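A, B, C and D are the chain letters, set down in written order, and residue numbers restart from 1 in every chain.
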Amino acid sequence: MDGVSIPLDHVLLLASLLFICGLLGLMMRRNVIFILISLEVMLNASAVAFVAAGARWGQADGQVIFMLILAVAAAEVAVGLGLVIQIQRRFKSLDMDDADRLRG
Amino acid sequence: MLKLLPLIPLFPLISSVLLMVTVGKMPKRLVAILGAGSVGLSAVTTLLVGLAFMESGQPHHQVLWTWMQVGAFSPDIAFYLDGLTLVMMSVITGVGFLIHLFSTEFMEEDASYSRYFAYLNMFVFAMLVLVMADNLLLLYLGWEGVGVCSYLLVGFWYQNPDNGLAARKAFVVTRVGDTAMALGLFLLFTELGTLDIQPMAAAANSQWQVGDTLPVLACLLLLGGAVGKSAQLPLHTWLPDAMAGPTPVSALIHAATMVTAGVYLIARTHELFLLAPPAMLAVALVGLITSLMAASTALVQHDIKRILAYSTISQIGYMFLALGVGAWTAGIFHLVTHAFFKALLFLAAGAVIHCLHHEHNIFKMGGLRTRLPVVFWSFLIGSAALAALPLTSGFFSKDMILLQAYELPTFGPWLWAGGLLGALLTAIYSFRLVFVVFFGKTQMEPDKQPGSRMAVPLSLLCVLSLVGGFFALPLVPLESVFPVASDHHPSHLIEGISIAIPLIGLAIAYFIYLSGQLNIDGLVNSAPGQMLKKFWFSGWAMDWLYDRLWVRPYKGLAYILRGEWVDVIYNSIVKVCQQLFVGLSHTQTGRLRWYATSMVFGVIVVLALLLGVI
Amino acid sequence: MLELILFYMASTIALVSTILALTRVNAAHALVYLILSLLAVAVVFYLIGAPFAAALEVVIYAGAIMVLFVFVIMMLNLGEKGDRREKQLLKPQIWITPVILAVLLLVELVLVLSQSAPAETQGLISSKEVGMALYGPYVLAVEIASMLLMAGLVGAYHLGRRYLEEGGGS
Amino acid sequence: MVLVNLILILLVGGVIAWLAERQHPLLPRWIALITILFDLGYFLTYMSDLSWSQIAVVPNPTDAATWLFHYKAEWIPRFGISFELAMDGLSLLMVLLTLVLGAVSVSASWTDIKQRTGFFEANLLWTLAGVLGVFLALDLFLFFLFWEVMLVPMYLMIAIWGHEGRSYASMKFFIFTQVSGLMMLLAILALVMLNHSNTGVYSFSYFDLLYHQVGGDIAFYLMLGFFVAFLVKLPGFPVHTWLPDAHTQAPTAGSVILAGILLKTGAYGLIRFVVPLFPNEALAFSPVAMALGVAGIIYGAVLALGQDDFKRLVAYSSVSHMGFVLLGVFAWNALALQGAVMQMIAHGFSTAALFMIAGSLQERMHTRDMSKMGGLWQNMPRLGAVAMFFALASLGLPGLGNFVAEFMVLVGLFAVAPWVAAAASLGLIVAAIYSLMMMQRAFQGEPDEGRRLPDYGVREMLTMAVMIVGLIWLGLYPQPVLDTAQPVLDSLMQMVDSVTEPTQIAGLMP
């Protein structure tokens, strides 16, 4: 395993691509479950970038941050899915465009 | 004795404050005693002080306290007594007392008896302060004070909106003049560094040459004030309307004292005016034109008080003429005699109105000669003095003015001729009044006779009007104040003409209004005659002119602006904000995808900025 | 070399499965693709020398979090009707703006990446190091994370409670 | 500590008044009155320890020790913010005015306020406390704090106890003062930052910033920031439009405080801060400021004539009168400055009284519309006489305080800018027009016979007597006031003269 290392650029590129995929999903999908999935993808992408950066310097900090991201993701999903249930109950639909009560 | 000087204005002030504080709770008898008595006390004190002054012959200066002091600006509350002041004080307290006495009966039936005397006493106080002030600021205090009292008294019967209008007009028009005077004070203080009259005159004489611009400017501004207060052109329009007040008020304020304050001001500051010959000429011209204008207007009026008001304007015009030609003593002399006979005329007119159910129109009167003999004789003597018939007081003073005007180089004869024309008109209208009111057919029966408190002041004023000029008594104290006029006498012809003119006027009035031998109906009824009559009747249409020139535009401006136009600016800011709000609220679609998309757009822009792509 | 090949393979799988996950109509299908993507990312973690992160990725992400999703989808019970609805929503016109924006952002990110000097990942970081860092300098962050999780727990319970009280969303 | 206690007494009194409402709804007004009178008495006992010679000492504006009272405590030392209060002759006059008019305003609210009396009196006392703070604070941060403190209770007074259009008026008042306050805050911060970059020390203290020569364009903009804040408060043309609305809608006591005291904080700020902090810029700006002053005098007077609403008329007359203050400050010579100070005090009395009269009329007739009045003198002779007195004071009758003030402003101004003085003198004429028009429309004319209105009672006459005596005293013997303000103004002028070119305003000379 030692000796051959992976170019950082490529890992970061992977992170960027994943992030953008998530972003696309966020912008395109109206189903609230897919929106949550997109968010997960984006969080995961940023985690990749952190871990890669930590690996670049040979330090553990990247992974520490990854764990914090995990915690955030877990909390977010828990609350988010609770919201999904409420939305389904209120609007009888998972379409986020129906939940537009904030309209000015 | 001279130390008693501050008491003279103090008596009426105390009386006035007492009457105000008790707000009508005092019995009428006590009000009368307090009101008239306080002025009587002042008159007695004036006599004592006057005698003491005549003995010493030196001007007396008494500082009460420093009014305000900021650097060099330190006007005092201080009185200055010299001959001129003494003459004025005598007139104010003497004639004032008689008029107060007259009022105690005249106003007997009025509900606001004590308010009347409170105002009237306050007026006497303010007028005394005006003439006794040793500096122009204190003079200004008195000056505005009399203006306010005049306002209050003209609008005394405030229930009638017309009276309120007249009162307001009186105050505002004089305020225009007062403001000019205030500017004059600013100029004088800025240039001379003091407002005390005597040091100021000295400073002016040392700093300025005859004919400099600054003294001319300062004097013209002071003249503005004098013109306003003394109802001269172009600020005379308030006086005829001011007749809305009770008649004794007209006698005291609008004939004997307040309206002559302008004359007093110019006489008081004559050393400044001597440095400004153009201003002197302006004074003379203002006086002459005003006297002719007012005399011609008086010829055609119906209202007995308006006739007297215009005649007052005209007579003060004579005083201005006198001041303008440098006949200081003659001007003040005429002021004094005028105070006598005009107060007499007004009081007599007041008695007529009082006895005739408040009738003002002279053509509804007539034949009162036998019905109201005391009033008739008073009126006759007053008119004779007004018309300057020989040997009355008015004759001496007017004669003095005309002769000295004739002496003036260049313009003298013209001024003299104008004055003579005025004298002729004066004689005609004053005897028109006498003949129409007291002779002819009786049209109204008087319902009462003047009582003793009316008759006594009338008779005393009759005596003063007749003999007041004989001994030239008032002139003695003035000698020390004014520069001495030249002794040169014009020819007897000139003097003769001056004497003859009033007699001619009397004759004309007799032939037109009494014997009817001279019929002017045709002349009056012709088209130009009618126009002239209308023009004269409206007081040379000055009211109309001012209404169009000032009153209406100002009211219109106030009306247009009343909605606060400046707010348009702020309201439009509000409008813009509201529009922005409406516009931006459309971007709040409530859709998550839209928010995410716009956020991404923002991220792209920010990143691009950071990268320097844009 | 093997690592490199493995890396590119894992990356490709991660990307493709992510794209597939986000374009599915059926949420359950999407979840399966997403789990695949996460597993691929776990491989990437392993390859760049972070085995502890890889393990966590598998255990917590692909395991715990995804199970949550599955539960909820099961609770919602969407079925065929939901699928048809989803299809309608994925119309081509709503693709255009997001794709343009995404491409722009990608270009910018690539620009950013191209400006940095080339570097490589360096060897293995053991779980012990991670643990030392975590309970050393980052102990405050751990506390905060715990608080966050607690808040998430309470929030999720509160949001879900009424649903449960009313006897499910059927 | 005297100064701190002065403010604290009012703050605490406000809290007590608020709480006392639970015991009895009429209790708060007594507590408010007693608090203010106690504060006044407390102040006077300390004042009486001062001799005239102490007051007459020309204080060194840069040295707090030469002031009459000085208190300083650290607050936020890191940013150089301290709790610094100080009093010289000028603030002494203003504090006295505030407390006297404060008592008057409590009297004005005596029967006027029927709901939530406790909270009302509390707001009143807190406003007064804020105003005292503004007059005493010499730390710019503290000054700004008090500047805001006095606004909020005032806003509440208008918004809760105001008349029919209160929400609009209170919002307008708040926005105007708030926006202008923001400009001042920015100017203060910028000034402190500049001072920091020059000296390396953060300080908000007046004494540290005083001699600070900023120079250049930036100083001009900073001056403008302060100027706008104070101009709004003054209020000067064209940022006066909040005033007629606020005055008209405020409860009587609110109008009294607003007109009598709050406007004076603007004038005070101009004298205390704008010119001393930025002498060169302020004097260079003086032609514009004077033009605004004259515009305010004339504009206010013209609009006053056009109003039907009694209170609105008085409000516009305030705009007109405060124009003289602006002129006086920017003429910047001894006479004009003294005139401006006199005007602040005299206008405080005369306008407060006129607002009280307006309030009394509204309480009795339930209208402020003058076209529905007329002949009130007949019904209420005492009220009419009092109104006449204050109308005359307002038009500048010699012998009353307003005349002394306006005359001194104009005399001083004439030496600097004769034409401006001439234009401002027109204000004397137009003031007469609207004042007398007001008297005629409300009090003269045909009385309505069927009307039964209670005349002024003892409480009202006593309150009015305070102000009548005050105005006559100011008009006939203003020397104590002048002497109190003189050393302060002298020292300010010396300081400003020492840093400005004498030719600055030569352009205005004829």
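The working rule: contacts are C-beta pairs under 8 Å (C-beta built on N, C-alpha and C of every residue); 3 or more make two chains touch, one makes a residue touch a chain.
Worth saying up front: this structure is predicted, and the values here are computed from it rather than measured.
Novice: Which chain has the mean of its C-alpha atoms lying nearest to the mean of all protein C-alpha atoms shown?
Specialist: Chain nearest the overall C-alpha centroid, as shown: D.
Novice: Please state which pair of chains has more C-beta contact pairs than any other pair.
Specialist: Looking across every pairing, the one with the most contacts is A-C.
Novice: Just the number, please: Cα centre separation of chain B and chain D in whole Å.
Specialist: Going by mean C-alpha positions, chain B sits 37 Å from chain D.
Novice: Which integer distance in Å separates the CA centroid of chain A from that of chain B?
Specialist: 94
Novice: I'd like to verify one number: the distance from the centre of chain B to the centre of chain C, where each centre is the average of its C-alpha atoms, in whole angstrom.
Specialist: The mean C-alpha positions of chain B and chain C differ by 99 Å.
Novice: Where the centres are mean C-alpha positions, what is the separation of chain C from chain D, in Å?
Specialist: Roughly 66 Å, centre to centre.
Novice: Can you tell me which residues of chain C touch two or more of the remaining chains?
Specialist: 97-98, 101-102, 105
Novice: Residue numbers in chain B touching 2 or more other chains?
Specialist: 597, 600 - these are the residues of chain B that touch more than one other chain.
Novice: Quick check: what residues of chain D touch more than one other chain, meaning two or more?
Specialist: Not one residue of chain D touches more than one other chain, so the list is empty.
Novice: Identify every two-chain combination in which the chains touch.
Specialist: A-B, A-C, B-C, B-D
Novice: In the complex, go through chain C and note every residue touching chain B.
Specialist: 97-98, 101-102, 104-105, 108, 111-112
Novice: For chain C, which residues count as touching chain A in their complex?
Specialist: 1-4, 7-8, 11, 14-15, 18-19, 21-22, 27, 30-31, 34, 37-38, 41, 44-45, 47-50, 52-53, 56-57, 60-61, 64-65, 68-69, 72-73, 75-76, 78, 82, 85-86, 89-90, 94-95, 97-99, 101-102, 105-106, 109-110, 113, 116, 118-125, 129-130, 132-134, 138, 141, 145-146, 148-149, 151-153, 155-160, 162-163, 166, 169
Novice: If we count contacts the way the header does, which residues on chain D are in touch with chain B in the complex?
Specialist: Touch residues, chain D against chain B: 237-238, 240-241, 244, 299, 302-303, 305-307, 334-335, 338, 375, 377-378, 381-382, 385, 388, 392, 397-399, 403-404, 407-408, 410-411, 414-415, 418, 421-422, 425-426, 428-429, 432-433, 436-437, 440, 443-447, 476-479, 482, 486.
Novice: For the complex, which residues does chain B have touching chain C?
Specialist: 597, 600-601, 603-604, 607-608, 611, 613
Novice: Under the stated contact criterion, what part of chain B meets chain A in this complex?
Specialist: Touching chain A from chain B are residues 584-593, 596-597, 600.
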